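Take a look at these structures.
One chain, chain A, appears in both complexes that follow, with chain B as partner in the first and chain C in the second.
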Partner chain A sequence: MTGHVSLRAEAGPLLAVRNLTTSFQQDGLWTPVLRDISFDIGRSETVAVVGESGSGKSVTAMSIMQLLPRSTSRIEGQILFEGNDLLALPDAEMRKIRGNRIAMIFQESSLNPVYTVGFHMVETLRRHRGFSAAQARKEAVRLLDRVRIPSAASRLDDYAHQFSGGMRQRVMIAIALACKPRLLIADEPTTALDVTIQAQILELIKELQDQDDMSVMFITHDMGVVAEISDRTVVMYHGNAVEEGPTSQIFSSPQAPYTRALLAAVPRLGSMRGLQDPLRFPVVSKKTGLAEPVPASVPTVDPAAKPILEVRNLVTRFDIKGGTFGGLTGRVHAVENVSFDLRPGETLSLVGESGCGKSTTGRSIMRLTQPSSGQIIVEGTEMSALNRNGLRQMRKQVQMIFQDPVASLNARMTIGEAITEPFLAHRMGTRSQARDKAADLLERVGLRADMLNRLPHEFSGGQRQRISLARALILDPKLIVADESVSALDVSVKAQVVNLLLELQERLGLSYLFISHDMAVVERVSHRVAVMYLGEIVEIGPRDRVFSDPQHPYTKKLISAVPISDPERRNIRNGLSNDEIKSPIRPINFVPPQRDYAEVSPGHLVMKDAAVSVGPIKRTRP
Partner chain B sequence: MSDTDFQAGPVAMPVRAGSFKTLMRSFRRAPAALLALIVLSIILLVALSAPFLAPQNPYDLLQLDIMDGLLPPGSEALGRDLVYMLGTDGQGRDMLSAIMYGLRISLFVGIVSAITAALIGATIGLIAAYTGGRTESLIMRIVDLQLSFPSILVALMILAFLGKGVANVVLALVIVEWATYARTARGSALVETRREYIEAAVCLGVPTWRVLLRHLLPNSLSPLIVIGTVQIARAIALEATLSFLGLGVPVTEPSLGLLISNGYQYMLSGQYWMSFYPGIALLITIVAINMVGDHLRETFNPRGQA
Partner chain C sequence: MLRWLFERLFQACLVIAAMSIIVFIGVNVIGNPVDILIPPDASQAERLRAIEYLGLDKPLWAQYLDFLRNLFRGDLGTSYVYGAPALGVILQRLPATIELALAAMLMAIVIGIPLGLYAGLRADRWPAKLLMTGSILGFSLPTFWVGLMLIMVFSVQLGWVPASGRGDTAEFLGVQWSFLTRDGLSHLLLPAINLSLFKVSLVMRLTRAGVQEVLPQDYIRYARARGLTEKRVIWVHVLKNIMIPVVTIIGLEFGSLIAFSVVTETIFAWPGMGKLIIDSINVLDRPIIVAYLMLIVLMFVCINLIVDILYAFLDPRVRLSARGTK
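== the complex of A and B ==
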């Protein structure tokens, strides 16, 4: 690093954005979506641009790259890259900069599925750097090696679908690096990835940046990622850059009210240590930056009460058919011998990475997926023994909230119709009673009763999730299965919906089965936590015990991979790992091993036999 | 409860393609499609009000004069204040009036058969998509079988069995066409069935028939409307073919196809108008419907898939 310091001093910033204003044309009107944005990116510096959806962070990147359609967008201001104003450059010159001097990576990999990974790389290298075919191939292998793709030479001829999500993102980074760019713009590159994979990619970007002396503009919505990666941070809100400064300063003494509100809404792992009950997020006004006091948590669980939900030895497997005659070739052991209890007023969280079976467990309880074996007992009644009608009745007790606030409401029904439909379907009362109850519930979830006649598209994501909640509550359920219900929401909206869930739990004594991959939110909302890995529960216990004293290696790994909202730890390099998430696909004759659990403290069970390989543990928390 | 997430207000979402306003706006942007829509509206209007617009009732024998037979376009009627704009046929029937009345039959047969086939096909397709498994396989194999026969052949066989008649033609067309709707409905419903609002409805204990009718059907409708339009044109053409071959509608209720067939024998003797003008009317109708249908497909289906 020392060699570059002088370089940084002698020249100005690599990229200087001055008074950038971008407008989009809509119905003949020019509406500004970015207003007067100015910031610098120094040489070998990482600048995070952070904001919620619609804040204009991606438009900023697109403006710099001039990837916006000319006819419907207008960019004003200056974008100085190495001293040249990009906005004044002719198209041909800009093309030379794009990809060569400034490279970009996106959330989804943009690999063409019909070409091999090697083809993409060789093509880029030959076109941009004038290599011969053989040279380009050699260079491609070297680049794949640099992004730590195991046995790079042999993987060059693989297609995009043969790589996992994390590996595809590595390939994208390798392609971006092919032309030795001075600036890498990364637009939410880790958002679609699991937390352990995200940690790997962040580590990789940091390492490559050190080696190549490259600047990075990192666009993200995740404050944890910001703290982990950036030197300086630009906070965006509604098209304005509301605050800019060194990351540590933004975190330690945020100035703008919006930044304060945003930081208050960011769940921080470890902030709940020593607390037994879930705690609401502090609410900070985006206008004034002042915090409202957090209501103290109310104990909602009666330890002596009979469980409302008992799951015993639940197994759900899916057949994989293949071959010429469609014979059985294997099985996905999505859920394998899972047992747990849930008491009234309690929140049990199922956590784990993609493919660990947490969603399938929830869906099996709802009978959206038919379990292969095991018992699901709701209030003492065994679900599998019920006929169609009994199942419909039972579904009144157990409700589900889905992940996607857009997809979970029928776009062609008003929300009034949507909320009253189940009430009427179960003949719980008259039409006017249904409407009264729906109006009441809407107010309860923080909306207005006069919104009943609106259609779902008139609402924002957070509001729709409230509507889904109101719809579930109209049947007076006792248990709600929340399958990644807050994962798709922006940070501040997420905090509000979590607060609402906790408030409803206190008032109505609801039980939640909270399914999530987000460890920090889980820490906030749960009484107990079950960690799932490859379809099995590896550790289950009181939340405080699991988070402060994780026993199973996988739990430890999962917790350590969560980005920490503490910029002071940024310079700690954690070493790179290449572990991929394993898949629970097994051959037909696979017999799942018998598992034993050790009780390390009251109610805290850990799977014995750590023979399950989860890979090395890379980081430990101080 | 804080109200901060109201500040953003309702999110500006792209309006669903189903909205009537967007549809009209999209027509304004495509002049050719707009023209087709106008032409189609005129055709529909003419067909509906044929009894009031037509110079004579071509099937009221009292209004026909055999002496006026085989007159070329533009001739005047003998002893009456009537100009045969498009000529007359062998019985002295005004071709313009015959075409107007023929349009009624053609459009009636086309629209009724398309709507009936759509209702039956869509129901079967939705059931297949929603139930899945064996039922779905069975239904879809029947659909495949049906679609693998040339439709004209199937229709001919049915009509040969049932005999002539408007109702029989409609029935034959429904039998020929339901499978297309079933396949389309299944395809679009299959996408929707996996969406969370369907699962939400199931979890909420909404009865299956309601899930199908209130949730699945309205959301699977757009592609059905699109192929529906094109299928009307197809049905009209098929009916014309059948009538031309003499197996379609009876002589008492002639459609455009039958008019073409009737005039065909005079073609070689130079009296072209008896086949030519009904042919032109058929052509314009089908082209207009197809253009409107194509435009609907582009609007509803930006990726250009059929």
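== the complex of A and C ==
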């Protein structure tokens, strides 16, 4: 009998999901959130489940693990794992599979903050492998070593917040591997990580998968990650699996209209080679899969024009206080000697990883953060020379939009009030003029004028970002500082908002200071790019030059870490690194070194003396 | 950690010093104890002698300095009424109050936390809803009324437990305690219930709110995804996280239990500090009032310190910030 079962198990796929339908109970009604999903995961295979928010990809994982609350959810169909139907298993049996035969990792913030990482590991090992406390500790050290956490034994008694994001995710992977699972379900494990760290984690997962002969179900919204890691892909949309197949086939000849629309909206690094101006994303209908023609780029920059914004030797430092009497113990050199120009109609992108000072640069220009020194010149007027009134006038010229449109719109104000508020505060006209203008702007950003009386919660994330844009535009600014403004949006929404930004630039001649960590979007929208590292600009130049001929080691590292949305161009793997992102915290007496820049081609400046250690460049591209 | 403790102790001393001034001056501007203590028919010489004996002829600052000097010797003055050291008089009554407060707090924890857990975990069931409604009664019913009702029902009508006094006591660590004897325990029951009713409701609501906040967290989902039993998820992963606010509140409330057990002690004729202070205020026995207030201040400061230490023990993130930026 056992022989028969194992034989059957050996023959079939490791996991077979058959006609999975999951419903949630809302207000007494059962609403299906997954409809008739079927797919297989073979042995040692990596299957990506990809989709935008609300597509049901996480619910699929939670249904397989049966982690949905019993009282408000219903799972129908079959989930065959090693030949047994998980849905038919009693709770106690299912618990023996969770964390043991099927392990799961989430975003790296999922460790209990009040327990040490060792506690989590020992707990899991004792639960499933019946180890003694001492045995479990020993094994935990071995596991942390396996995921390449430096000095593993001494870190066992640290808490999650004492690790960096990347190291936390390594801990979670170590815990997942504790019981040698047959299947690893990874639910957006790299979404909150910087690209170089993401690349490390993806490689680590792949390597461990090979060693342990484990299958992986990888849930993500990032087509680049899908192309990088998966053998097969399931595309989800509104609770349906709209397409399933080998990853290369999904990318080369997508069948479902939605897959085509999704792929069209994905920015691909390198696709802009040879183009000078930003290019809009092609718009593909999610229903028909047919593409509208992409309007040709219109040059918006006059190379002879005077810059609208000049930043000279900008320095912003933050004091770190500590000790008994709150004395100065160090400084964060957030922005260090940054200079650049921005011309009318131009988009300059500031790119870099967390802590590189790109957002602080934007905030310093807006005077939301007081810079320590340096000049910010808007249309020939130096900002620091202005009195409060002058500063107010100047602020009209420069507007900012933020990453989180939920947090930047007051939930109790109608969007009409929100949009007209700056107009009225600057006494630019009467209330009815403000309303007319707001209505006009709503149309311009692709919404309807009759939406003025609605509240922010009635809008989706993408719509709210459009509203933020309308609010910024009501003062007729010449420059918009966009701080990670499209980062939190779903792929297709992101493409729409980027298209809108480009359209507004063409029509109104706006300049953008586009702050982003997303290299692929940056490549799409910018005229020029400045790469920041530890508060300094290490490379600045025309976008095409920087992307096709990066000079600084950090720029090269950053570009090579971006996952490419093309399974045919997977990165060659050669060894894992566990470099961390360095911190710009320095002792009080630190004197920043004098930097020189070399001009490699017209306008393309690179910091000389690349002695700045950025860590070895592990990955190269053919 | 040690330096952090030192800092906290230093702050605590500042608080106590400031309070000593406020208390001393505050008490000295109300009324004149001489009028109450000395018979109206006493001669002028007797009056002056009494004033001098009590040290009331000196200027206020000199009185304060005397008070401070004595304070360091552990002498908080001599009660005008009892003619004995004020501190001694209070400390004699302290165990009764502490016993009552501890009993009430224990009830609040032992009853409040499990009920709160239940109400949080099964929020949509009717017993949970009943508990939440009931807790509103616990908040809003006045203590004195509940006390009277308890006496009427359980002492007068049913005759199950006595209504007043401490009953038999037994000695432990040199102090008399009621809870060590059967009779004392039966005397303790009603006042403790009376005093704890509010706290039970508070702890329960707090626990419930904590559970509701912690349950949707990623780390709970993750704990379940690792195949841990539901029992372990709740008693290990949920409980420690909700203990952080609960411990803070329990600590602060313990101080207020001792300080404000006045009503309960009066109704149940419980011979504790609360009853003493009311009596002392009536006759303006300044040393007792000052000593009592100083003792309460000291206690609040100590409790706060203990809560902070517990807090750091429960929440590792607090430990880090206490050490300064890493």
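By our rule, the second predicted complex is superposed on the first by the 606 of 622 C-alpha atoms of A that agree within 3 Å, B and C clash if a C-alpha of one lies under 4 Å from a C-alpha of the other, contacts with A are read in each partner's own complex, and residues count from 1 in each chain.
By our rule, a contact is a pair of C-beta atoms (placed from the backbone, for glycine too) under 8 Å apart; a residue touches a chain by one contact, two chains touch by 3 or more.
As the structure is a prediction and not an experimental result, all values here were calculated from the model.
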{"item": "Contacts of A:404 with chain B and chain C, given as first, second, both or neither", "value": "first"}
{"item": "Touching partner for A:500 - first (chain B), second (chain C), both, neither", "value": "first"}
{"item": "Partner chain(s) touched by A:317 [first = chain B, second = chain C, both, neither]", "value": "neither"}
{"item": "Partner chain in contact with A:556 - chain B first, chain C second, else both or neither", "value": "neither"}
{"item": "Chain B versus chain C as contact partner of A:113, first or second or both or neither", "value": "second"}
{"item": "Residue ranges of chain A touching chain C (in the complex, touch as defined)", "value": "65, 67, 71, 95-100, 103-104, 106-107, 109-116, 120, 123-124, 127-128, 159, 161-162, 172, 175, 320, 322-324, 329-330"}
{"item": "Residue ranges of chain B in contact with chain A within the complex", "value": "1-11, 13, 15-16, 18, 195-197, 199-207, 210, 214-215, 218-219"}
{"item": "Chain C residues within the chain A interface of the complex", "value": "3, 7, 124, 218-219, 221-229, 232, 236-237, 240-241, 244, 314-317, 320, 324-326"}
{"item": "Touch list for chain A against partner chain B, complex", "value": "54, 261, 283, 285-286, 292, 366, 368, 392-393, 395-396, 399-400, 402-404, 407-413, 421-422, 425-426, 446, 457-463, 468, 471-472, 475, 492-493, 496, 499-500, 503"}
